[in-house]
Amino acid sequence: MTIEINVDRTVEHLGRGPLSRDEMAATVARDIPDGSFVNLGIGQPTQVSNHLSPSSGVVLHTENGMLGMGPVAEGDQIDPDLTNAGKIPVTELVGACYFHHADSFAMMRGGHLDVCVLGAFQVSEHGDLANWHTGAPDAIPAVGGAMDLAIGAKDVFVMMSLFAKDGSAKLVPTCTYPLTGLACVSRVYTEHATFLVGPDGVTVVETFGLTYDELATRLDVPLRRLEP
Amino acid sequence: MTIEINVDRTVEHLGRGPLSRDEMAATVARDIPDGSFVNLGIGQPTQVSNHLSPSSGVVLHTENGMLGMGPVAEGDQIDPDLTNAGKIPVTELVGACYFHHADSFAMMRGGHLDVCVLGAFQVSEHGDLANWHTGAPDAIPAVGGAMDLAIGAKDVFVMMSLFAKDGSAKLVPTCTYPLTGLACVSRVYTEHATFLVGPDGVTVVETFGLTYDELATRLDVPLRRLEP
Amino acid sequence: MTTIADTAAEAVAGIADGATVLIGGFGMAGMPVALIDALIDQGATDLTVVSNNAGNGDTGLAALLAAGRVRKVICSFPRQSDSYVFDDLYRSGRIDLEVVPQGNLAERMRAAGAGIGAFFCPTGVGTPLADGKETRTIDGRDYVLELPIRGDVALIGAHAGDRMGNLVYRKTARNFGPVMATAAATTIAQVTHVVEAGDLDPEAVVTPGIYVDRIVQVGQERA
Amino acid sequence: MTTIADTAAEAVAGIADGATVLIGGFGMAGMPVALIDALIDQGATDLTVVSNNAGNGDTGLAALLAAGRVRKVICSFPRQSDSYVFDDLYRSGRIDLEVVPQGNLAERMRAAGAGIGAFFCPTGVGTPLADGKETRTIDGRDYVLELPIRGDVALIGAHAGDRMGNLVYRKTARNFGPVMATAAATTIAQVTHVVEAGDLDPEAVVTPGIYVDRIVQVGQERA
């Protein structure tokens, strides 16, 4: 982890419910330092861009070959030659540049991006990531840039719901889904809490709508409080 | 070797002396097919360009990052930002393009150049090349692009005098100077003869001012005649 | 030396049965649809296709798959909302699939074009996609050994090409085109504009002409 | 995020003793002379310098060597007609030298910038420069294993840079600049022109701003 956290002890935000998806995106955006180079994964992470102000100087990378990606294109702006990694038409900001796929992934793999924000099926307490394959026997495997993103950025933030539809926690001692990357995630943003993960295990930064102790009873991983 | 030779049996050009340096350059140029992409090494090989007509469509590569290199710059044409690999100011032809050093050597190493023409201290009968270091204990080693050029092009042609100043042959059973590349040379152009070298040993294509038999007595390597 | 073909059919002539064909594009951006259509007409079969995706809808690569010409697909992301042609072939066991992380796909083709024999890559370490591959710890980090992917032919789309074969692209339609051009024995580009030598800025050429064997203009796709 | 420095002295501030410094240029083309002069004034010593050559005449890299600040040079071609400063240091045992084939020098820095742990390279097989290195036969061809070269700092010269840090170069002065920019923890570029964001064609940017930490304009070198 290279980005500092903005509190010095675990904060319990009580008297409110869990974060909405939009609030989760805002929380991630809040933690991205001004001037960072950032890749937002397909799906929910793209919502983070709604909360990054132009004055932040954050530059968005899309792995299909661009720095300086702007918002989703609308109407006459739509150009089939200009899309994001989800193949959705986007726009170009002033100061953008284009490059080919090998250069784009060299940029990623070489550790030049400051932050990558990804979705996940599971994250382990030490930061292993599973987000590309459910392992279901009838699923067609498809990895895209997930493994490259997982190991590329200086900080990998995961945005996910803390519990799956069946109620099982997605922050786990060991991933049971096929892995995307080992020990690559540094933070996990969920509706109930924000976590640091890594060699020292799981530290709770903030909780939303429940206490640290309540959170601890719902997870199978050892938690630690953030302390000054 | 990928370029065909233009005779079907060894030709003895008698009633004349050995080739001049300019005639050697012309002989090399004659054997470069129209439309080839060619790198001419520093020194004597650069003279080959004097014998390549614009209508040949031959495109010159310089490893410091250019295709479409033109003649040496003169007078007002001189631009310190535009030089050849020998750091001599050159010009740009219509249709040229520039690229960085990693791309330039990827182009070379990847086997995309048709011909490279190099000088040599020694060439072995199987095409080993020694052209970067005399091995003298007080010499400062300096390799430049010699090793990259040696293994990069589809055909590596050597232009050299057949005998060193001390009278020893430079076409040898085994190189005694430090090697630049193994089994990389396909042809050797000298003032006395043109040779094919490679897995089958040395084949004499042409002689200049002496007969095949006279040539054979002056070399320590087994020679073969070219036969239809 | 680059030749300017009059038609897409002329441009794809000679592609052999069993060839490995690199096909540019990321989704439809940069996909050489006219060349793929010509390849379907040309008839080559038992192909291995290397591309980021495995076809969208019914056109382009999907049409080539639907025509039954492809034995194997090497790609990063076959599964898409409109990849039903591939999905059906795969589920019915009529096509082989090798899934490769997107950056490895690009870098393995880059290695082929650059004469690199193999490279140690950090992507995929500890995942199922590294199963059976050699690993090594270098300077404290773990890597997987990856091999080059070479093409017999590359089919790519570009914005403009000059008579020297130099190419420029447009926005994110650049994607895999420049890498594939280096990695194939024969590179065939469909372009929106064929221009004269000298019309492209030498500082802005993305694919040097040395990598391009044939160019065909496929009509003005935009004003 | 790229900062625009007012002076070359400000641009090179903080370079530490013992640093590995990548210095662009091929001969004098692209050599960042103003940055090197500022580095001499700044005083960092015990440096390892990675550059194609080992200085020409008395200026630029040669002046840095003459000032006694360089412990080791990693380069492809130290010996030139006007490399007398290096020659003297080397012959008197006051500087270390690692000679690397020019393409390996570029590719090893490219590997550092691209996160590649090592690569099998055909250049130099069977030569003294491969002595002691691991070799392997892959698909019938012999290769030598080469490791990345990383810089703490890169000093490069470019033609124009915008406020995002995007750079374009001029003719063969491009040479090692774009590769070195990717391979160093901190990249510092001297440019002839600082321009506004948007003044460079996004399709023609050679070095994306993500690789550039500081830019300084060093005067109009030509009309």
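Order of writing sets the chain letters: A, B, C and D. Residues in each chain are counted from 1.
Throughout what follows, a contact is a pair of C-beta atoms (placed from the backbone, for glycine too) under 8 Å apart; a residue touches a chain by one contact, two chains touch by 3 or more.
Only a predicted model underlies this, so the values are computations on that prediction, with no experimental measurement involved.
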Target subunit D, source subunit C, minimum contact steps: 1
Interface with more contacting C-beta pairs, comparing A-D to B-D: B-D
Whole-Å gap separating subunit B and subunit C, where each centre is the average of the chain's CA atoms: 35
Whole-Å separation of chain centres (CA-atom averages), subunit B against subunit D: 30
Distance between chain centroids, defined by C-alpha means - subunit A, subunit B (Å): 55
Shared interface positions of subunit D, touching two or more other chains: 107, 110, 114-116, 121-122, 169-171, 203, 206
Residues within subunit A bordering two or more other chains: 92, 98-99, 106, 108-109, 152
Each pair of chains that touches, named by its two labels: A-C, A-D, B-C, B-D, C-D
Subunit A-facing residues of subunit C, complex: 26-30, 52, 76-80, 86-87, 90-91, 97, 99-107, 109-110, 121-129, 142, 169-179, 206
Complex interface listing, subunit C residues touching subunit D: 107, 111, 114-122, 136, 138-139, 141, 143, 147, 168-171, 201, 203-204, 206
Residues on subunit B engaged by subunit C in the complex (per definition of touch): 34-37, 57, 59, 61, 67-68, 92, 94-99, 105-113, 152
Subunit B residues within the subunit D interface of the complex: 62-66, 79-83, 87, 92, 98-102, 104-106, 108-109, 128, 133, 138-148, 151-152, 178-182
Residues on subunit D engaged by subunit A in the complex (per definition of touch): 1, 110, 112-116, 162-164, 166, 182, 197-198, 200, 202-203, 205, 208-211
